[in-house]
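Here it is, the structure in full.
A, B, C and D label the chains in the order they appear, each numbered from 1.
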Amino acid sequence: MAVTGVLRPGHVVLRVLDMDEAVNHYVNILGLIETGRDAKGRVYLKGWDEHDHHSVVLAKAGKAGMEYMGWRVDSPATLKKMAADVQASGLATEMSWIPAGEHLCTGERFRFTTPTGHVMELFAEKDKVGNGMPNTNPDPWPDGLQGMSPTRFDHCLLYGDDLDGTVKLFTEVLGFSISEKVVAGDGQFMIGAFLTCSNKPHDVAFIRNADRGRLHHCSFILDNWYDVLRAGDIISKRNVSIDIGPTRHGITRGETIYFFDPSGNRNEVYAGGYIHYPDKPTIVWTEDQIGKAIFYHDRKLNEAFLNVYT
Amino acid sequence: MAVTGVLRPGHVVLRVLDMDEAVNHYVNILGLIETGRDAKGRVYLKGWDEHDHHSVVLAKAGKAGMEYMGWRVDSPATLKKMAADVQASGLATEMSWIPAGEHLCTGERFRFTTPTGHVMELFAEKDKVGNGMPNTNPDPWPDGLQGMSPTRFDHCLLYGDDLDGTVKLFTEVLGFSISEKVVAGDGQFMIGAFLTCSNKPHDVAFIRNADRGRLHHCSFILDNWYDVLRAGDIISKRNVSIDIGPTRHGITRGETIYFFDPSGNRNEVYAGGYIHYPDKPTIVWTEDQIGKAIFYHDRKLNEAFLNVYT
Amino acid sequence: MAVTGVLRPGHVVLRVLDMDEAVNHYVNILGLIETGRDAKGRVYLKGWDEHDHHSVVLAKAGKAGMEYMGWRVDSPATLKKMAADVQASGLATEMSWIPAGEHLCTGERFRFTTPTGHVMELFAEKDKVGNGMPNTNPDPWPDGLQGMSPTRFDHCLLYGDDLDGTVKLFTEVLGFSISEKVVAGDGQFMIGAFLTCSNKPHDVAFIRNADRGRLHHCSFILDNWYDVLRAGDIISKRNVSIDIGPTRHGITRGETIYFFDPSGNRNEVYAGGYIHYPDKPTIVWTEDQIGKAIFYHDRKLNEAFLNVYT
Amino acid sequence: MAVTGVLRPGHVVLRVLDMDEAVNHYVNILGLIETGRDAKGRVYLKGWDEHDHHSVVLAKAGKAGMEYMGWRVDSPATLKKMAADVQASGLATEMSWIPAGEHLCTGERFRFTTPTGHVMELFAEKDKVGNGMPNTNPDPWPDGLQGMSPTRFDHCLLYGDDLDGTVKLFTEVLGFSISEKVVAGDGQFMIGAFLTCSNKPHDVAFIRNADRGRLHHCSFILDNWYDVLRAGDIISKRNVSIDIGPTRHGITRGETIYFFDPSGNRNEVYAGGYIHYPDKPTIVWTEDQIGKAIFYHDRKLNEAFLNVYT
């Protein structure tokens, strides 16, 4: 098969302080679809065009942030093989198997912690619930969409200390490519890496930061730049805390707007970006152009954007 | 690696009746970039965001159509392995190795004919010429673009007789998925198959047809629906022969417009479409909904669209 | 005042064969808002961004078509003056005053028939019901919009015989400009006139035709080309009879799609177009370019578009 | 006529510090078209879809700002009448007639100073040079456009002290409507007024400010939100000083981006906005919602935006 191994970001578990407020935000404003609640009180959500049972899980906690992120691999055999590879790599810590069913509608998951302190999982099985339309003669979009109605959970950007270790783990063990990176000093010191396991410009990104295991934002994909405008309108109509945008990223070329959920987790909705292939040269951004790399239009460092994370 | 094997449609060689007219069409109107001419008089072109030396080759001939299509694989080792697999499959005919350099800036190619009569090639090496911007601190698009300025050659739709054999070859030997198919009769008789080796909704498609080895259209990708409008405007401003559009496809959800090059080869420019994964259910279109499948808005069979090909 | 006299198309009364089907079409699919029903069973509708009580009235009848069209003038004084001018012109027939209240929430109307056989009205007063948002600190769009949700009723295109007489009435008596016209033969024989009383490219248009008093289409305005795509999607999702589009008009440059209500009245939703001023030269289309004038992209005469009207 | 009196902003004369830099900015980056230079060294420019000879004049000066703004009226008779009305109003000062030909291709102009200290002109005649396309069978846009290529000069926003006097002059003498206003304190103290003589949401706006006769920005109109994105990209590609955007205004609903010319004059490019009619209620923004009024998405006062002007 041409698309193999790690297929995509399969889920992100977000810690939220107040579940009702969080559900209102993610369902009515962002526009995800609730697909279930479990005995632990976790709420399962998906973007309308995702076929899997869930891609976002909200978990009540005393403090915001990302609990873990899960990656869908192509088969149970790959799951076993990759788990062994991760173990053999010596790059991961706190490894364990989570039994099937611990997440609703999901098979067993192999959990590990990256050198940047992020808990990650690999899994091969999750029930398909469809995208709200039949698989025979479907329309292009379903009725009844709400809010910004992104099609899919797209990626997370994460902050942590041992960036080199995590990049090594994702590229050498999990098969990701570096689509873009930010370098400092003499150009050899990597401070940010944008990693892809697909034709998307990124599936996850990491920024070097003294605090370990942190979430900068989780991102959802929209169809186009008008949807980004509409997202901005909804942010204002619903009094959501905005961070920055609409604007374009230099990195990935994506069209973007950032805002916060009621717990303070940063969300992005995103459109555009190029088609990545593994033989495409890695784009390098130098530290002096970091403003342009992040926010292409105003080319300015924004301290809150860099330093506020959960 | 997560994206492996056959990476993408790497080139299409189009037969054109008059080279000057063809170059005018593909460069000034469609907006590809000329990257070279060879001793046989062939003209090499690429979309602006493609890094490889070329993706379209124009070859003077007495009759329009597609001479062959080439597929970029991830490495010389994969090329050797896939060539052997194709040979072992018993599904391909007229197999041969084309030496490196026969195409400008391109390594050796393994050529074969599919059961539908289409000449296909696999290759692993082509020089990178870049996308008109530096790999360090690039802007999102280069200056000096012309015409419709698609970012990339995207796919071909091909007509031929032994559809089942070709689909078997692409899925079982070359690792493609069937993203969508059209079925007739009792639902078991496949009359069209949309195949992908990537996260794109299709990289090539085949329609069952008595004539072998035919080209319905070759398609180029645009960023958005406004670019499709602009393409329509350019078609009219430059007196290009239009086929149909702007409209949306039911199949792939793509936003599209069709037109003809001066030799009668059909071109498409295309935007939108979903993100495909190999575990996504195949979408099935039944014969009675073929109108909606092809042209979602007017839902009508268009005889010229179905029966005009080169 | 700088915008004076006839301000805008204030209402169109459409004959429909089945009121429930018509209301479903105009409210749930087109996305107008119902504002009232009167003792005669007529249903009053408006686009969401119109402040007046209604702009479309559906009236049950045995035969589709336009019953009449009403024009909002700037004041009761102008209404009196213009009624007198119309009477004095000798160009109108069947003149009468309709008392206030005959339409819900509407003042008295001066009714007359144009030389092309169309019943027109002038009126100065209609209750303001607002656009669903406060006049203090409003958002840019209200919640709860449905269907294509055009902002406003925009114009009608009408067919009739004495085109010269009607154009003379609109330009010399009612103060309209000719923004564009279509001419035949030696260029002196006008077969179509696009008339504006505003900065819009047209507020009404007339095509020369042997049948008198006919409606070709009534049109509603959308914000942009993506809304035209979405309208096309809704047409297909809801099995509405489509006529043609999405495409661009040569005349007005508008981005358009045409479809039919369940009674067979043609509707258009429309975006774009230029800003008109009365000193802008009239654009002239010659008969040989009529295809391009009407449908800019495919530049073809479409017999159904020309010959189907109500 | 239905559109009468003052038709539109006909020209703005901008003071620039370095003419070559200014021409490069307004022609190559903003994308206006140069139509002439006069003996005083002034450079005349127009948006591509304007038919008049010029709408922007660049004049070398020691200090940036707006020298004056000119308004096109519908006829020489109206010019005489309005000049008399302005004189009789007692609201204007420093009145004079500028002879025909002082501006290239322009008739005589009646000049006066508003209570806010802005020099304004009325004129009735300027040569038509067309929009780069024939008036017979035109395409929707011409070839060879550069930069952001706005269609027209749209409006200015001006700062000055006697806001009430200027609003009285524009509404009571020149026939403008107040489309939107910003009020402070008990709601009776107007601090901003958006004035229109057309169906556009504004043709000029004034903000109360201690300094007299100042320019906040001059604005040019684009077709759509994608053009605003492209403008943002061009700003960054060409290292233009950006102010803020892309974003939406609460006032007018317009989609916008702001930047500076090399002399420090603020420019805006703008798309969208509603259709105004003189009977539409004035929208009122209260001081506590001023952030949302100006920048709808982030709803924050931006000191630089408010306090930087020329």
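The rule is simple: a residue touches a chain if its C-beta (ideal position, glycine included) is under 8 Å from a C-beta of that chain, and two chains touch if they have at least 3 such contacts.
Note that this is a predicted model, so its numbers are computed, not measured.
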Computing the C-alpha centre of each chain, which chain sits at the greatest distance from chain D?
B
Check the residue numbers that chain C and chain D use where they touch, and answer same if over half are used by both copies, otherwise different.
same
Among A-B, C-D or B-D, which pair gives essentially the same interface as A-C, with more than half of the residue-number contact pairs in common?
B-D
From the mean C-alpha coordinate of chain C to that of chain D, what's the distance rounded to whole Å?
31
Between chain A and chain D, the Cα-mean centres are separated in Å by 44
Where chain A touches two or more other chains, by residue:
139-140, 224-226, 233, 236, 248, 292, 296
Show which residues of chain B lie in contact with chain D when the two form their complex.
139-141, 143, 224, 226, 233, 236-237
Of all residues in chain A, those that touch chain B in their complex:
1-8, 49, 51, 72, 74, 128, 130, 135-140, 151-152, 174-177, 196-200, 221, 223-225, 248, 250, 253, 272, 274-275, 277-286, 289, 292-293, 296
Contact set on chain C toward chain B in their complex
225-226, 229, 232-233, 235-236, 242, 244-248, 255, 257, 292, 296-299
